[in-house]
Amino acid sequence: MDKISINAGVIVYNADTLLNLSYDDYVKWKKKPSFTPDVVWINIDDKQSFQSAKSLIDTYHFHPILLEYAQEDNRRASLQLVEKELFMVGKMMYYAKEELIFEQISMIYHEGLLVTIGELVGDVYDSIRDRLQNPQDPLRGRKTDYLLYALLDRLVDAYFDVIAEIEDDVEDLEERVLHVHAQKNLHEIRTLKRDLLYMHKHVWPLRDVLSRLSHGEQTITLETQIYLRDVQDHLYQVLDSVDTLREVLSSLVDIYLSNASIKMNEIMKVLTIISTIFIPLTFIAGVYGMNFKYMPELTWIYGYPLILGVMLMVAIGLLIYFKRKKWF
Amino acid sequence: MDKISINAGVIVYNADTLLNLSYDDYVKWKKKPSFTPDVVWINIDDKQSFQSAKSLIDTYHFHPILLEYAQEDNRRASLQLVEKELFMVGKMMYYAKEELIFEQISMIYHEGLLVTIGELVGDVYDSIRDRLQNPQDPLRGRKTDYLLYALLDRLVDAYFDVIAEIEDDVEDLEERVLHVHAQKNLHEIRTLKRDLLYMHKHVWPLRDVLSRLSHGEQTITLETQIYLRDVQDHLYQVLDSVDTLREVLSSLVDIYLSNASIKMNEIMKVLTIISTIFIPLTFIAGVYGMNFKYMPELTWIYGYPLILGVMLMVAIGLLIYFKRKKWF
Amino acid sequence: MDKISINAGVIVYNADTLLNLSYDDYVKWKKKPSFTPDVVWINIDDKQSFQSAKSLIDTYHFHPILLEYAQEDNRRASLQLVEKELFMVGKMMYYAKEELIFEQISMIYHEGLLVTIGELVGDVYDSIRDRLQNPQDPLRGRKTDYLLYALLDRLVDAYFDVIAEIEDDVEDLEERVLHVHAQKNLHEIRTLKRDLLYMHKHVWPLRDVLSRLSHGEQTITLETQIYLRDVQDHLYQVLDSVDTLREVLSSLVDIYLSNASIKMNEIMKVLTIISTIFIPLTFIAGVYGMNFKYMPELTWIYGYPLILGVMLMVAIGLLIYFKRKKWF
Amino acid sequence: MDKISINAGVIVYNADTLLNLSYDDYVKWKKKPSFTPDVVWINIDDKQSFQSAKSLIDTYHFHPILLEYAQEDNRRASLQLVEKELFMVGKMMYYAKEELIFEQISMIYHEGLLVTIGELVGDVYDSIRDRLQNPQDPLRGRKTDYLLYALLDRLVDAYFDVIAEIEDDVEDLEERVLHVHAQKNLHEIRTLKRDLLYMHKHVWPLRDVLSRLSHGEQTITLETQIYLRDVQDHLYQVLDSVDTLREVLSSLVDIYLSNASIKMNEIMKVLTIISTIFIPLTFIAGVYGMNFKYMPELTWIYGYPLILGVMLMVAIGLLIYFKRKKWF
Amino acid sequence: MDKISINAGVIVYNADTLLNLSYDDYVKWKKKPSFTPDVVWINIDDKQSFQSAKSLIDTYHFHPILLEYAQEDNRRASLQLVEKELFMVGKMMYYAKEELIFEQISMIYHEGLLVTIGELVGDVYDSIRDRLQNPQDPLRGRKTDYLLYALLDRLVDAYFDVIAEIEDDVEDLEERVLHVHAQKNLHEIRTLKRDLLYMHKHVWPLRDVLSRLSHGEQTITLETQIYLRDVQDHLYQVLDSVDTLREVLSSLVDIYLSNASIKMNEIMKVLTIISTIFIPLTFIAGVYGMNFKYMPELTWIYGYPLILGVMLMVAIGLLIYFKRKKWF
């Protein structure tokens, strides 16, 4: 992945003008700005662009711990106020090649500036970039806190896409589990449960982040707080859906297992019915296969049909017994 | 479903007068009102009527996010204050064709105005509409907050109808599970558990809505707060019942499964008793079926009855052993 | 049950005097009271007496919602302040004909007045009525809040009687489950679990009621608050016991099930040992029962005893194998 | 148990002097005290001494509910302020004859006075009594609140002794469960689980008691609060250990059960291998045991060894099949 | 372990100078200090060094309960303010010889002084000691609270090392459990579950400690609080990972058990198919092995091939039946 990500770069804009710049160009532009921007959005798409953006980042003199945070993997979703900057971490989620990817997204927010830092090339923000090109879009007329809202909204909406995909899989599985008893189903159920487990783990701590943002942390305007509360609502919906899907999957496992035990019962019944009918018959045949010299029945003319009749009656008797016991 | 829902329309009233209007008629009437209404209730029954009501809605200049909310599917029950309007979402529940339907109900409340927005034709508010026709009914003498209460009360009462139906099914299942061991029962139990799972998911967040309403959010009068607290109480009862029914259904699954294992045990016992008795007997018969030249017993006159006697004793001995072990 | 309940009626008293009156007599007496009562206790024992007491109740002009509450079935335990009246709902519990009965008890409390409303003939308050007859009893010298305490105390004490009965049953079951493996035990365990489930459901919300009462809601004196805190303590004990009993019953189910699986194992072992020993022997007998012309062993003089010896050795070898595997 | 408990009695002391008195002697001494005591500790060891101490107790004119509390069995651990007295209830725990005993301990605390009330002869306070004899011990120089601390500390320390004994048993069981599959183990696990269940039930409510004491309830000095916080810490450790041990025991049950199912599998495998090999062989022998007149194989000279060879090949083939399936 | 731990000793430093001293040397140096130290770090590595450091410790006149705490084993992680000193307890974790070791670490913190007390030779602080040697390191320019932070950070980072090792084991097990069904896997899963159970037990109470420290307990500067909040975040991550790993392990046990039941089913199927096919065939052979004088079939020329054909058809019929039932 040596190619430079096309999303890496800086977007500066106000209601009238918008510029897309590379990191280096922005450093130059900043010295002699052609207009006064409302918002500067520095997007660092992956680990490689982080290196390229280093010199730009340095010009802001962030608290050193911020940069440490931004480069650390596997952080928990959280919000921290470090001096004047708000530092946020969250997870972006998407399916790539049938596998659920969790990409860590860090954001450094300060009035007029938003730095977003990803780990892998590509993100879910294309729709935001498109909207920014349009001067009529509400995004253009508002400040950095609204951009922050828009990005978080996209992030959480992307969760719904993942949920929708899982819901499709679950519906599909529900059908299959009821009709076919394949171990493959069990394996798929488990993969989905695992995905949901990690989803829950990554989404859960984000509640606090959004709750604090939507209740007026820092320079978030009242107007934006209303919108953030909507994002928070969506997040709760995601969590509800994750929990419900986990319960549904658990019940699918139960269905699978009880189907297995029903099948086992059926197998045992067949074995028992066949064995129980033929074992006594075989015994009777065995008796008249003995070579004793003095066995009067053997010489009776009707001995053979008589014994066949006895066998038939034993078999019918046992079948009636099983029928009464409702074994078949 | 192209027909216009008969519930879609506007009801304007005060203690003395009440008018039923279509959306368009109301827009006209509003310009030259024939009386001063205390309450305007705009009911948008389904997605189609939403389109028809659009021009009416626009006259109120709601915050744009409100209309976004109202058209969004699958929202979680919640209450939000957006500028001066209170926005509420909840779920209506009813059984249609043996299936539990969750219909999303949104409400926009402002003093003097209540907009209710559903998704499907038909609702549970007929009794409210009937009461409104009666000038003596307390509804007529009170304000919009009391209408809000009345509608929420109906909504929650409709939950009880669903609960009652599930309770009947559960009672019926309890009887059947104890006496018949059919896989169909298990399937029914699961459908009910699923319904209760979704019921819980949809009812649970409504608590917060009612708690905030009944503790004086906005322009709710003290008098109405008392009534809303009663609705809240009913909601807790619904949740209690849902939880209790879920536990009862879980125990029914346990009964089903332990019945299955008891049946399995019974089958195994029959197999074991029959096999264990006849296998040794067949062996004895086998021994005397061997063709050795020198087998003295074969030539004894009483060899045959003797060996039959031995077999009988073995069989009786084993039966006594099983009896002692309490196998039957 | 057409007979008038003997508990239905009004008791008016102060430290010196006490009168037992029917509803109608009390209405008359009230107009010309023979003394100034500290406490008026109106007991409405069942749904029928509620009708008889209607005209008396009407003289108090309660808020209409109060009377609605009082007639509604299946309310959750709760405490509400409606204007000046305190309205309480709780459950009375007792065993009748081996079945656990939950009777709803409502109370309307106002200084100087206590109305208690039951659903079925009979209550647990006889000891309170007896104490009231005695002028020396502390009840007589105190106000309505103390009577309220005394009744709640009785209510909760009656829970202990139910718990005690269940504890006896559980102890009895513990003995039986260990020694006898009867499906009847499982059924009894389930009935008790069900009872405890409902007990928990009904007792749990009462905590809030008592907590609010014992922390000075309304006109409860400091002195009575101390006593109410004791009732609250008892309630926690009831809940603790219910939880503990539920865990004990769950472990009894586990014992039952593991006993079942131990029994199954035992059955399988017997089957396996018998089958595994005799199947090879029967095979050997079968081999020498074949009718080939040229089978040299058949003509050996010691062929028969030799083969019997071989069979014995096979059987002994297998028994030693099973012994080593600790199968018996 | 008619003998008077040697622990029943009164200890009065200050930094210089200490006296051990019987209840009656103390009543006399109190009238003409030989010195001014800092602390009066009245220990009522069991129910019998409660009767003897009655006249002494009466001299303090406690609120009547206090004495009611003190005589009531099976109270939940709690702390109540009744007028000026602090009333505490907790449980003493110790193993007696392999059984875990929970003895209820009540304490009435007032500045200068501590009354401790037990139920059974004997307690865990001997070390405290020994320390009191020693004038250099910190106990002697401090007030009643420090004695209260010392007694609670002892009480909680005694919990650790019980925990230690259970931990030993659990360690022992862990060894045994892995190597021997005896039902006795299951029974022991259950007894321990039961003990821990009750321990949790009795220790859990004590947290509140200690939390309130260590945050300055009543006349507890700041110095003693530091020490009480240590007791509180120990209590949390006890609860942690109880929870951990319960989880460990649950996992032991799982090990037991999965061992049982592994054993079952092994039995089934042996049965299946033996049956599946010999049943076809027996069938072949049966075929050549038929008495048809025209069966050409029977007259072949090498028919018998040929058929033995076929049987051997069938057996080997099946063994290879099972080996491939990794059945042994 | 009689050798003196090389980590035991005193490090005194300020931004310019740093000295490594033994306990005794430090006592001497303290009397005539060669410079004014910002920080004195007394490290007591194990129980033996505690004895050597005793005389040094005594010079600080700590509250006696502090020294009691420091010597007590198995304390729960906690933070206490005892007079002016902050006392902390936590657990150090590392794998030694395949076993997870929990070593208790106590810290006494006072401005300018930090005493760290371990139980076993060796700790995880080597990197801190190395950094202290470097005058440019931020550690050197800051106060004791920053050293405290650095040590806690190391402690929590060491948890991640343990988590990483467990994660490797779990990943390895996930592979193996799916492909091999060995009881050894189950044993390993259980050991890991046990380790995680104890990890949770020891890490959980540390949250409170860090929460209080990072919200300004005592003399912790605002600057250090920011860093401590980062440690707290890491701690939450540890707890999240522990919980997730426990769930993953539980699901591995489920996979193991359902694999076992699938295997059992397979065994039963083989047994049933073989038995059910051959038992009727053997019966037929048995019939024609009977020695009746008058059995016409026996004398038919094509009797033998006919009966073989019948047997073949029975076998094929049963195979088709099993195929339809999808048994193989």
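Chains: A, B, C, D and E, in written order; residue numbering restarts at 1 for each.
The rule is simple: a contact is a pair of C-beta atoms (placed from the backbone, for glycine too) under 8 Å apart; a residue touches a chain by one contact, two chains touch by 3 or more.
The structure presented is a predicted model; accordingly, all values stated were derived computationally and were not measured.
> Which other chains touch subunit C while also touching subunit E?
Both-contact set = D.
> Same or different for subunit A and subunit B, where same means more than half of the interface numbers show up on both copies?
Mostly different residues.
> Distance between subunit B and subunit C based on Cα centroids, please, to the nearest Å.
Their C-alpha centroids are separated by 26 Å.
> Just how far, in Å, is the C-alpha centre of subunit C from the one of subunit A?
Result: the chain centres lie 42 Å from each other.
> For subunit B, write out the residues touching at least two other chains, lowest number first.
Correct list: 264, 268, 271, 275, 279, 282, 286, 289-291, 295.
> Which category does the touching pattern between chains fall into here: line, ring, star, complete, or other?
Basically the chains close up into a ring.
> Help me check something: in the complex, which residues belonging to subunit A touch subunit E?
63, 65, 69, 74-76, 78, 80, 82, 181, 183, 186, 190, 193-194, 197-198, 201, 205, 253, 257, 260, 263-264, 266-268, 270-271, 274-275, 278-279, 281-282, 285-286, 288-291, 295, 297-304, 307-308
> Note which residues of subunit A are touching subunit B in the complex, please.
Residue positions touching the partner: 226-227, 229-230, 233, 236-237, 240, 243-244, 247-248, 251, 254-255, 258, 261-262, 264-265, 268-269, 271-272, 275-276, 279-280, 282-283, 286-287, 289-295, 325, 327.
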